[in-house]
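Before anything else, here is the set of structures, which you'll find just below.
In what comes next, subunit A is part of two complexes: it sits with subunit B in the first one and with subunit C in the second one.
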Partner chain A sequence: MKRLGKTGNRIEREKRKSFYIFIALWIIGFAVFQLIPILWGFKVSLTNQMAFSVKVKNVGFKNYQLALKDPAVYYAIYTTLLYAFLNTAIQVSLGLLLALLIDQKMKGQSFFRVMFYLPYVIPIVATGWILRVFFDKNVGTLNLLLLNLGMIKDGISWMGEHGMFTILTAGFWRVGWSMLIFIGGLSTIPRDLYDAASVDGAGYLRRFKVITLPFLSPFIAFQLVVSFIYGMQVFILPYILNPTAIRGAQVTLEAPPKETFFILSKGYDLIFNRGRLAYGFAVLWITFVIVLIFSLIYTYLVKKATYSEMEN
Partner chain B sequence: MSYKTNRIIIQTVKYIVVIFILIMFFLPILSMLSVSLKTEGEIFKQSPNLFPEKLHFQNYINAFTRINYLRYVYNSLLVALMYTVACTLSSGMAGYALARFHIRENGIFFTIILSSIMIPIVITLIPFYLLVKNMGLTDKHVLWLLYGLGGAPFMIYLYRQFFLTIPASFEESARIDGAGRFRIFFGIMLPLVNSGTVITAIFAFQFTWQNYIMPALFLSSLKTTLAVKLNGAYVDIQQNILLGELMAGIFYYIAIPVIVFFIFQRQIMRGMLAGGIKG
Partner chain C sequence: MKKLLVLFLLIALTMSVWAGGDQEEAGPVSLRVMSPASDFTDAWVEAWNSANPNIQLVREDQDQTKWIADYIAGSSPDIINLGSGAEIPYFAKRGMLLDLTDYFEASDKLNGDIDEEGSGAYKFEDSWYGLPKDYNNVTAITYNKDIFDRAGLAYPSATEPMTYDEFYTLSAKLGAVDDSIIGTEVHGSWFLFIASDMAYMIGKTLHNADQTMMNNDPKVRDIWKYFLRLRKEGISSNLENPLSGWAGSAFQAGSIGMVQLGYWYGASCAGVEGYEDMYAWAPAPVMEKGGLRVTNSLGATGFIISSQTKHPDQAFKVFEWYMADEPGVERAETGWGIPPLKSLQPLLPVDNEFNKTRKAIAMEEVKYMKPPQTSWYVRNSVYAGNWTEAQRAYLNDEVTIDGAIDMFYKGMNEALALGKEEIGE
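Here is the complex of A and B:
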């Protein structure tokens, strides 16, 4: 490491000053909105605080021990991971498929691009409601359609029996973003590479393997990582798509069914619906650590896989 | 089979697949429109029809009057604009710092910013809410302005990519002329990445427009945004949801970001495809 006195020439000092002036807002925002709250949450998680408790005392890691013994917490972690993996698979495979189908040669390419991107523009709360009405057992359009076509005899309880499937449908619907990234990736491939390969007699699959895939692999890696990280953070969708009777009184932030009761909702539920502040924060902290660890391992694996693929 | 007929067959199959997927994509939207045009009796009758018997536009009027819809449009627009302006400014500045000033810590900051997308917003927001509740800052729209000033990792990244495409010589001559750093940034650099600003602003707008947890925690019933209000707004006296009106209300709610998207559609597509995102 160089000593500060040595690097401290005027230009370098000026540069450093500019850097910190321009990034200052982010630093303050990060500290105030992320670092301090999360550390404060950790502090609370070490106590026995409830929403209305008067006497608060430290209990050490007791809440963590409690949470790590709770099978519901494990189940929530399991469903969250499952959702993140399945959603990532949908985003990457369908996004790639659409990007390949709608290539530059296709007539009406820009029309299709805009149309497939459109559902991504629809806000997530609206997506939840639209799909809930679409999937409803008695009044839902999907069941009516299948009944009219004679494909089923009785309405299927999509949300009751296939909760995970309905949540994944939203991911399927919002694939436009992923498609756009892959279209961007495809546009980086020089056209004459394909022509040269065709002259050499390479078929479609061969061209895909030797040209398309290597060029796309950084984009695929990016999409694998980002979809997974965001998939782990799913929160509001299950609340709105939850399968309680569609005609009953509507309190949206009730707990969703077990199958889609993801880990973040679990922490939220503990704090706001049950008033178990300290325990809820412990669960949130465990979630934080798990999201971080899985995201890091996963990012590392994806990077390793794509780089070794490039070497071959 | 000749090469040409072969190609025609492939093209036809391609179109069929694409159009099939497109129809699947639009089924939920058709379902929304169909339900919004039915009467409540039609929706819940014994074996409902797929399409409304007669177009029933009353739901679109009721959706507007049952709640003071314009008030919530105003609330939503207000917080969305506050967040968008603040977040775009802050992200632009941070992205500029990362792209232009290569000091030793630059890489560390870049890594931290990118890694911060791994922190779920719920985990920071709940403690933050409980903290500011004690300071009496809840129920204020201005919170979005403050929150936006922290910037957003994805937008900082986008801005960095855009600033990297601009040669350093552009600002060096200005610096020699003695222009200050803010003059250079706002006067020269920011106008050069206009397409980046458009994209960032639209993403920030969409993010706030659809964000649920922040208004749910921070704003009371009269000050909240559409994302929260819509969920319990359309009910009859017995607290049953009025699906037709709800779908009509959702239609208006969707319309605004969709219109924004269509206005800036070219810029979004061009900017995203021009390599704004790189692996």
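Here is the complex of A and C:
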């Protein structure tokens, strides 16, 4: 490594000082509003504290032991992982497909780009309510359409009998973000590579396999990991798409069906509906560890499959 | 120089975040009222604030999650809307409520005027902890006359209660009128309060003597099975045939034959054109014809003052005004519930037969009110959560009906044990 002179060292030190000063505010905010509460949650998880406990005592890792023996927790983790994987597959495949379509030079390209992205801008809660009406058994748009087309004889209870499917449709609805990432990725591919490939007689699929996919691989890897993490954190959709009656703002009072009772909702239900503060925190910490392990494995595997110009 | 300035600003900002501790309050006292706007309107807040510059109110939406978080942080709202007075013992045992007994005794407006039969859920171990904003006989029946006509059934009596078996049979017949109609629907977690009444009427309790376990008596188990059968047999909504909306809205949409929602629901129905001809009332069912009558108000929605309030006297002033003055009068006149103060009860609307009947039934049923049989070791939401799990397992054929009761009991017994530990007993 090139040795820096006195002036060089001073400049480096100044740069480092500036860097730390500028990120200090974020670090302080993160520490105060996220790190400290997270660590407090871990501390509480080592006690027997309920929501309004009069007396609290340390119980060590008893809550963790209980959670690891609880079949309901295992099922919630399993169903969350299933959702996360399926949602990731939708986000990546559909997002990539839409990006490839939008990338064609055609009339209305900007219009379609905006239209496909627009649903993503709608807050997730609003999306949930829209889908709730869409999937309603008695008055829902989907059932009315299918009934009028003669494809079904009676309305289907989508939320009651096909809960996972209804929640996954929110993934279809919100694929705009993924599409945008891939559009950005496609814009980094040098066009002359395609021209050269065309001259060499490569068809569309060959060009996609040999040029597009390798160049997009870092973006696909990024989207695989990020979509997975977001999928593991799904919370409000299962409550809104709950088949039971919801009155007013009491959305989170009644637990969703087992199939869509994902782990964050389970943690929330344990803490706020059942008052089991310490146990709920233990469940959430276990979830954090699982997500971390899966993310690390994921990152390691996709890194191997990722093309990098730097390496080549 | 610039960097030093930035560093200084960051330090100053951090210090201002940490600058805290109790600061002496100068000027008006500010009280936080946690309540939905429908129960503590912004107009009332404005009226109070204009008339009382030294006690300013700030309303925030009711949010159980926020209340728990605030309470743990030691900064609970001062005046809180409690969804169900049945939970008064739960909160009182945890020291979360301000004892208002002395305040009531010293109050010219409240002392001697409280309807103790209807407001009794807010009294625990001889101490008053709040009052209902109004109360209702929540198991009284509202029925749809048109659905009865289509089913070829006679209307129920407005004075003689039917039995729960008759109610069940009637609901099944009403639901058979049309695929889009269900016979009856139990609203939310109100199965718990209906079960409580049923148990009282057969001389049983829902828990054992010290409330640490659910009562495994076969007759009590039959009570829980009643609710499961309603769903399994399609008399109420289920996973295959869910409701659009909730029991009240679905009833007004003509999808339900009978609901047990109580007096207040009449005020909601008044928004439907022709309601007085479409709907009618029947008293809450009983277990045996001519037998013991028991009703409940689910403890009633009301207000309490937090034990963490730093301004108890001022908070009580607001509480007293809310119950006895302008807001209390307005609530009584709208007919959304029976006022907790006897002097306000004559203000209830009786402008048509519909309102006269519902008032007559309500005032009669007040005599039979008993506090809901919920344990102070757990909240109502715990019963609802465990019940929902067991009910879903039964509806999905994962367990038998007895298996579902066992599942419900297991969850409840564990929760009751944890609740006992929570109180430190």
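Heads up, the rule we're going with is that the second predicted complex is superposed on the first by the 282 of 312 C-alpha atoms of A that agree within 3 Å, B and C clash if a C-alpha of one lies under 4 Å from a C-alpha of the other, contacts with A are read in each partner's own complex, and residues count from 1 in each chain.
In this section, a residue touches a chain if its C-beta (ideal position, glycine included) is under 8 Å from a C-beta of that chain, and two chains touch if they have at least 3 such contacts.
This is a predicted model, so every value here is computed, not measured.
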Combined model on subunit A where subunit B meets subunit C, clash or fit: clash
Which of subunit B and subunit C A:V139 touches, first, second, both or neither: both
Partner chain(s) touched by A:K15 [first = subunit B, second = subunit C, both, neither]: first
Partner chain(s) touched by A:M232 [first = subunit B, second = subunit C, both, neither]: first
Comparison of subunit B and subunit C by subunit A residues contacted: B
First, second, both or neither for A:D269, with subunit B first and subunit C second: second
Which superposed partner A:F219 touches (first subunit B, second subunit C, both, neither): first
First (subunit B), second (subunit C), both or neither touched by A:Q34: first
Partner chain in contact with A:I130 - subunit B first, subunit C second, else both or neither: first
Partner chain in contact with A:F61 - subunit B first, subunit C second, else both or neither: neither
First (subunit B), second (subunit C), both or neither touched by A:D154: second
Overlapping contact positions on subunit A, where the subunit C interface meets the subunit B interface: 18, 21-22, 25, 28, 32, 138-139, 246-250, 252-253, 271, 277
Contact set on subunit A toward subunit C in their complex: 17-18, 21-22, 24-25, 28, 32, 48, 50-55, 136-139, 154, 157, 159-161, 243-250, 252-255, 257-258, 269, 271-277
Residues on subunit A engaged by subunit B in the complex (per definition of touch): 7, 12, 15-16, 18-23, 25-26, 28-30, 32-34, 36-38, 40-41, 44, 98, 101-102, 106, 110, 112-119, 121-126, 129-131, 133-134, 138-142, 144-145, 147-148, 173, 180-181, 183-185, 187-188, 217-222, 226, 229-230, 232-233, 235-236, 240, 246-253, 264, 267-268, 271, 277, 280-281, 284-285, 287-288, 291-292, 295-296
Subunit A partner contacts - residues on subunit C that touch it in the complex: 3, 6-7, 10, 13-14, 17, 36, 61-62, 64-65, 68, 71-72, 91, 94-96, 179-180, 185, 187-189, 237-250, 255, 378-379, 381-382, 384-385, 388-389, 392, 415, 418-419, 421-424
Partner subunit A, residues of subunit B touching it in the complex: 14, 17-18, 21-22, 25, 27-32, 34-35, 43-44, 47-50, 89-91, 93-94, 96-98, 100-106, 109, 112-113, 116-128, 130-131, 147, 149-151, 156, 181, 185, 206, 209-210, 212-213, 216, 227, 230-232, 235, 239-241, 243, 246-247, 250, 253-254, 257-258, 261, 265, 269, 272-279
